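Here it is, the structure in full.
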Amino acid sequence: MKVIVDLCIVPIGVGVSLSPYVAACEKVLSQAGLKVVLHANGTDIEGEWDAVFAAVRQCHEVVHGMGAPRITTTIKVGTRTDRIQTMEDKVKSVKSKLGEVRIEGA
Amino acid sequence: MKVIVDLCIVPIGVGVSLSPYVAACEKVLSQAGLKVVLHANGTDIEGEWDAVFAAVRQCHEVVHGMGAPRITTTIKVGTRTDRIQTMEDKVKSVKSKLGEVRIEGA
Amino acid sequence: MKVIVDLCIVPIGVGVSLSPYVAACEKVLSQAGLKVVLHANGTDIEGEWDAVFAAVRQCHEVVHGMGAPRITTTIKVGTRTDRIQTMEDKVKSVKSKLGEVRIEGA
Amino acid sequence: MKVIVDLCIVPIGVGVSLSPYVAACEKVLSQAGLKVVLHANGTDIEGEWDAVFAAVRQCHEVVHGMGAPRITTTIKVGTRTDRIQTMEDKVKSVKSKLGEVRIEGA
């Protein structure tokens, strides 16, 4: 089962600067061979369900291993059986509709 | 690794009534032997990481099997290495602090 | 516009124990006259859109005021125009379907 | 109060293709003068708290106006008082740390 995920890992108890932990997760995800796109509020990931969630688990292990006693993570998960869709497809699909938008009263 | 999760599964393309799909997921989670508490915006789950995420995957499979062509799910995941904490502990911990709260200007 | 919300506020840079901050938010939400149900991974809230989001903003202000330099919050928001639905309705609706669930192969 | 938000609006009861609704929200957000970056699992937004949340409310109104009887939305919200940080800063901060990452056993 293919999955498109948005992953946002927040280590707690390590102060205010979280980027070293997020960078470590980027490395874990890339080394797992997943398609990964970093954005301002998380990381978009595309891959097979088991590979993606094994990597998410490894992210938790690595971030705890870096000294974070507590982690709170938010994951958005999308699956579909009607057709194959990539992350690029999703963005393109929205952008192709922008010309048709008519907002009432706007 | 123990995990406390909030799971919110939203089938898309099956109309407005989602409760049959959520009920099916409740069944999947219970049959997996996980501690499960349904609330208004999702389901709180406590268990071992691999058992929890295997059950989440099974929820997606079951909901697709019920006819949903697309699913979008939101998962909040908490892990900690400093101490063992149950779902009841989390709620009690907040409630025990309610008496001490002083909000300035309120 | 009525809204049902799940709110999870995570202060960053204040150590591992977050319950005093969550308790303060509970107080803010209750004092705003909102219907509030605390659960293991957040707080379910029911109310009018503007009242709910004004209270969420006040939570951020109060938590920053308590000394948190950074906050990351996750909000799930549900609105519907087809019918009026309370938080209790949502839970009851799922529970009423539990008897009908048949999971293939289970 | 400045805020960086990730917004993911999911209309329910309108079939499987959601891009026209997401495109309408993009328009609402842009017309509100907000900094907006579309990605595969949502839209990153930067702006003042009240302007951002007024636009999010307008997105719900517009999507309901397009015929969606039900909407479920996920919002990640970040605020900080220790320093000013843009969406680009957040991404750059992670990327600058990638070279330093050493994952044990990897």
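Each chain gets a letter, A, B, C and D, in the order it is written, and its residues are counted from 1.
By our rule, contacts are C-beta pairs under 8 Å (C-beta built on N, C-alpha and C of every residue); 3 or more make two chains touch, one makes a residue touch a chain.
Small disclaimer: the values here were computed from a predicted structure and weren't measured.
**Q** If every step must land on a chain the current one touches, say how few steps get you from chain A to chain D.
**A** Counted as steps through touching chains, the separation is 1.
**Q** Taking the mean of the C-alpha atoms as each chain's centre, how many Å separate chain C from chain D?
**A** Comparing mean C-alpha positions, chain D is 19 Å from chain C.
**Q** How many Å are there between the centre of chain A and the centre of chain C, using C-alpha atoms for each centre?
**A** That pair's centroid distance is 23 Å.
**Q** On chain D, where are the residues touching two or more other chains?
**A** Residues 8, 13, 16, 69-70, 72, 74, 76, 78, 80, 82 of chain D each touch two or more of the other chains.
**Q** Looking only at which chains touch which, which shape fits best: line, ring, star, complete or other?
**A** complete
**Q** Quick check on the complex: what are the chain C residues that touch chain B?
**A** Residues in contact with chain B: 4-6, 8, 16, 19-20, 22-24, 26-28, 31, 37-42, 44, 46, 62, 65, 74, 76, 78, 80, 82, 87-88, 90-91, 93-98, 100-101, 103-104, 106.
**Q** Where on chain A does chain B make contact in their complex?
**A** My answer: residues 1, 13, 49-50, 53, 57, 60-61, 64, 69-82.
**Q** Under the touch definition given earlier, write down the residues of chain A that touch chain C in their complex.
**A** 8, 10, 12-13, 15-16, 18, 69-70, 72, 74
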